[in-house]
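The structures considered in this document are given below.
First chain A sits with chain B, and in the next complex the same chain sits with chain C.
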Partner chain A sequence: MLAVFKNNCNRLWEEKMYLVVSLILMIVAISAAILLTAHIETKGNLALVVPDQQVLSERESALMANPYFNVTVLETTPETSALVQSRYDAVVTINADGNDAITTIKNPAFKTMVETALANPTGFAPDNRPIRQTGTNILGFMMMFLLMQGVLYARFFAEDKEKHLIRRIAMSPLPFGHYLLGHGLFIFLIIAVPSFLVLGVAALMGIDIGFSLPVYAGLIGVLALLATAFALFLNSFFEVADTANMLGSAIIILTSILAGSFYSLSKEATLFDKLLHLLPQKDFINFVNALEKGSLSQSTFAQLVYVFAISAVFLVIAVANTRNDYLYH
Partner chain B sequence: MIAINLRNLYLISREDFKNLFKNPMWLFYNLVFPILLIVVLGFLQKDNYGGAVSAFDYYGITLMIYTVISSGMTSANAFMEVTIRKPNMRIIYAPGNERVIYLAKIVSSFGFCLLCHLTVAVLTFTLFKIRVDAIPQLLILLVLTELFSVGLGVMFCCIFKTEATANQILSIVINIFAILGGLLFPMEGYGAVVRSLSYLSPAKWLANASFAMIYDHNFAWFYPTVMGLILAIIVVFIICAKTFRKEDCIC
Partner chain C sequence: MNAIVSVNQLKKSYNQKPVVREISFAVQKGEILCLLGPNGAGKSTTINMLCGILGYDGGEMSYRGENISSCLNRFKRNLGVVPQDLAIYEDLSAEQNVRFFASLYGLKGRELEEKVSKALDFSGLQESRKDRAKTFSGGMKRRLNIACAIAHEPELLIMDEPTVGIDPQSRNHILSSIKKLSQHGMTILYTTHYMEEVEEISTRILIMDSGTIIAEGTKESLKEDIFDERQFIMEIEEDQCLNVDEFYKIEGIKKVEKQAQTLTITTLKNIENLDKIIALVITSKTKIRNLFCRTASLENVFLRLTGKSLRD
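Then we have the complex of A and B:
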């Protein structure tokens, strides 16, 4: 097992260009995640259209002071494309007679909320929406990149299969379980160590990253384990690296969005929402969210266990599948 | 640079083009995956929108941009695919210019991706009644972006000589661009800092140009974006020409 691991390290060392480039990109991706989440403001964006010579009424000034809204005063109505791209969530136009008109492309519930806010700007507070905190956001952004990196770093395993080296390994005394664990250890470390170091540097620079470093070490460990297991699982099905690669990135993008790694998608406890819990990313992000808010419960721990369990299942299938393909019974 | 025999280029591109259809994964990635993405995101976000503009109106456009800038993955993988290495080596030995190797990959994957993505666009846009306008201009953007991203994939292969590095770079760069540019979810509403950061991503320019044309008949973003794309395409082709070495195709 260690021999496979060492051999992979040597293979990587042979391609220093690849090593440097992939590490730099990993650092860039994680720094981008930290940078973005550090600056995210989750306020409602309103455009207040005030035709010239119109004085702001008391009500509108109060609206501008409301901490839940980011109000921009404009002279002309913003373009529709700005609304479509969510630059403004709603446009409030002040007519000559002093009445307000609200335009929005969002759902009626949102419009009602703006109307209430406009009617009573000082006392208005939106319903306590579960807003994510920094740590959850950082891990959510990192998740997709780490999972994709896993599939990409599984390329030595894919190369073994592509070049039929694996047939020789099948003849050697090395059990397949050990062989795959060697690959797994390599993928795990090459994902976990650089990403943890970037977070460590960020913490040393005094950037607020949400969790303490030991907690991050554990969380990144879980994520790296999932990435490793999924990468080996996927690659065990295909002979060619490209196929696993493209299918893997497609699956990861789709499931990460569905799991709400960037923002939570579904609110109600629908059947669909329950089905989404089959995705390990969803359980992981839920656990992280609960951990950051200090609302851990039995069910959130169960979600963490599920992530471990599904990683184990992936690994077992990967081993069984490879053994099935290359050992003669 | 020695003149390139167009007939050779055509013949090799045609074979490469046929080869792309043989791998079901290329078809899945360029045809099924974009449709899935649009359907999933559109339905999930449906409730957040009122009647005038639907979730599909936003995600249909942005995810088309995402699909198009991902074409680099196809061209990079088609360039260095296992089954295509030996044919590439034969071309080196054949009389004629060896540049046809990478030019043919660009041409064939450009044709393949364009065909797939147009199918996706026609299908989803009619099915979900996604609002489009200024179609000729949008098609110009589509063709230019497609050419750029396909060229980009081949360029990374030429620079780094291995498919693995090219894949790694492309997957990270494309997804950072996509997230920054608000392709997977709108980024505009997250405050002034994030908004200015998003302009670092070319995807943002494309999205802005498309939305301004569709909803406001505003072409102010269109011309700079087209100029930028043409410039980027020229740069990509020059880098390909400078870094391509026929020795790399020997296997």
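Then we have the complex of A and C:
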């Protein structure tokens, strides 16, 4: 097993650019996650239209003091283009009779939220805000790259198949399980260690990364396990390295976007949303989100177990499939 | 007999089409056993089944009298395989390649380094040991392919067409290396469709065609057993007195041809008549400049056995 691991390290050393590019992508992903977390947490922008130099009521003054909104008082109603350009999220017009009208191009849920805020501006706080926190965002952004790295580094295994080296290895006394374990360990560590080090450096620089480093070690470990299992699973079906690489990358990009790696596509319990839970990325990110918000429950733990289970299934199929192709005695 | 490996009634089919048909043979200690046959004869399939990377439909294989399945690890430790396709890491150096494959056989530390160095020496790659394999010529890659298989000093070395597609110089180097390995006591099972290689290195030959072993023996015995004729080629001084018809009076003579200054006499090989032939030529006052006996080649043997040329 160690011979295979060391050999892969030698092979990687001859192709250092892969490692460098992976590290750069990881740093970019983490930076983007941190920056976008800050952006997502910005307040809602409201235009409060109070015509005819009308004096603000107590309710409207309370709305202006609400920490969840930036309220700009205007005398005239802004153009609709201001909404399109996202200068304002909603325009609240106070009529002469004291009633208000809300105009927004955002979804009805947002309009309801503004109505609630107007009805009770002092006590208003967004209910169960869907915004992800820093740690969840970082892991969400890293997830796709980590999974793709799995496929990238599994190319050594794929090349062994493509160039018939695996047949030669299968003829040696090295137990076949050790051979696959050597590849698996290599992929796992080459995914997990550099990404953990990048986060470690970020933490040392005083950047808020959401979770503590030990928690990150565990969570990255889960992702690296999933990436390793998926990469070996996929490559066990193909003889040509490029085929597995291209197909794997396409699957990972599509499923990661659908699973809401970067931004949750569905917030409602629709059938689509339920189907998305088949994707381990979705379950992982939900678990991480709950962990960061401190709202872990039995169902979120079940989601983590699902990620482990699907990784195990991938690994078992990969091992069985490869053994079936190359071992007969 | 001291068989290292025995194969008994081994068979294999692909999609109902038999490619190996109940073949049996044994590899004896210290020999260079050549498995000769055209492409598609079933040689590589047999080798792959023996090495455990291809399943088989029937029969059995044993290593030193024990079923291979029950002593697989011991068998593999004593086995070296040179695959037909180059199986080396092109991005790694020759030394890294040999070291990796040798380490799969449990070698480590100083012993590993010594054996790697020895294998590189043996393959003539010591000076290029730090160079990446992808910078090597085809012949050097083939030699590296062999070095990776011999570093752990196996008892049995299986070579599956190791000289395909290389230049004559590298081929000669490989063939002389094989003879050296044999002299050092290594047993070799060598598959090829090159007749001249078999002529040069074999101590015993199995001729295979369409999944069946059609002949077995040393190169001499195969020629002896299959052909009942031999040819005497005589270079003579031109002489009008020599009457070709006179030769047919000698017992065993089957055919006499005279072309310019060459006389070709085909005779039954089990009848000793050379003295009479020479006497007839001398009596005709014809000088003999040169005389040699031509026996059948393996190509002739194969042609006689299968009705087709080896390279058809």
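Criterion: the second predicted complex is superposed on the first by the 212 of 329 C-alpha atoms of A that agree within 3 Å, B and C clash if a C-alpha of one lies under 4 Å from a C-alpha of the other, contacts with A are read in each partner's own complex, and residues count from 1 in each chain.
Just so we're on the same page, a residue touches a chain if its C-beta (ideal position, glycine included) is under 8 Å from a C-beta of that chain, and two chains touch if they have at least 3 such contacts.
Not measured: the values here are computed from a predicted model.
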| item | value |
| --- | --- |
| Partner chain(s) touched by A:Arg11 [first = chain B, second = chain C, both, neither] | second |
| Touching partner for A:His164 - first (chain B), second (chain C), both, neither | second |
| A:Thr104 touches, of chain B and chain C: first, second, both or neither? | first |
| Touching partner for A:Pro173 - first (chain B), second (chain C), both, neither | second |
| First, second, both or neither for A:Leu226, with chain B first and chain C second | neither |
| Touched partner set for A:Ala3, first chain B, second chain C, both or neither | second |
| Partner touching more residues of chain A, whether chain B or chain C | B |
| Chain B versus chain C as contact partner of A:Ala259, first or second or both or neither | neither |
| Chain A positions touched by chain B in one structure and by chain C in the second | 15 |
| Interfacial residue positions of chain A with respect to chain C in the complex | 3, 6-7, 10-11, 14-15, 163-165, 167-174, 326-329 |
| For the chain B and chain A complex, residues of the former touching the latter | 23, 25-26, 28-29, 33, 36-37, 40-41, 44-45, 47-50, 52-53, 57-58, 73, 77, 81-82, 160, 162-165, 167-169, 171-173, 175-176, 179-180, 182, 184-186, 188-191, 193-195, 197, 207-208, 211-212, 214-216, 218 |
| Contacting residues of chain C [partner chain A, same complex] | 48-49, 51-56, 68-69, 72-73, 76-77, 79, 81, 83, 85-92, 96, 100-101, 103-106, 132, 148 |
| Footprint of chain B on chain A - complex, ascending | 15, 17-18, 21-22, 25-26, 28-29, 32, 35-36, 39-43, 45, 70, 79-89, 104-108, 110-111, 141, 144-145, 148-149, 152, 155, 162, 240-243, 245-247, 249-250, 253-254, 257-258, 262-263, 265-266 |
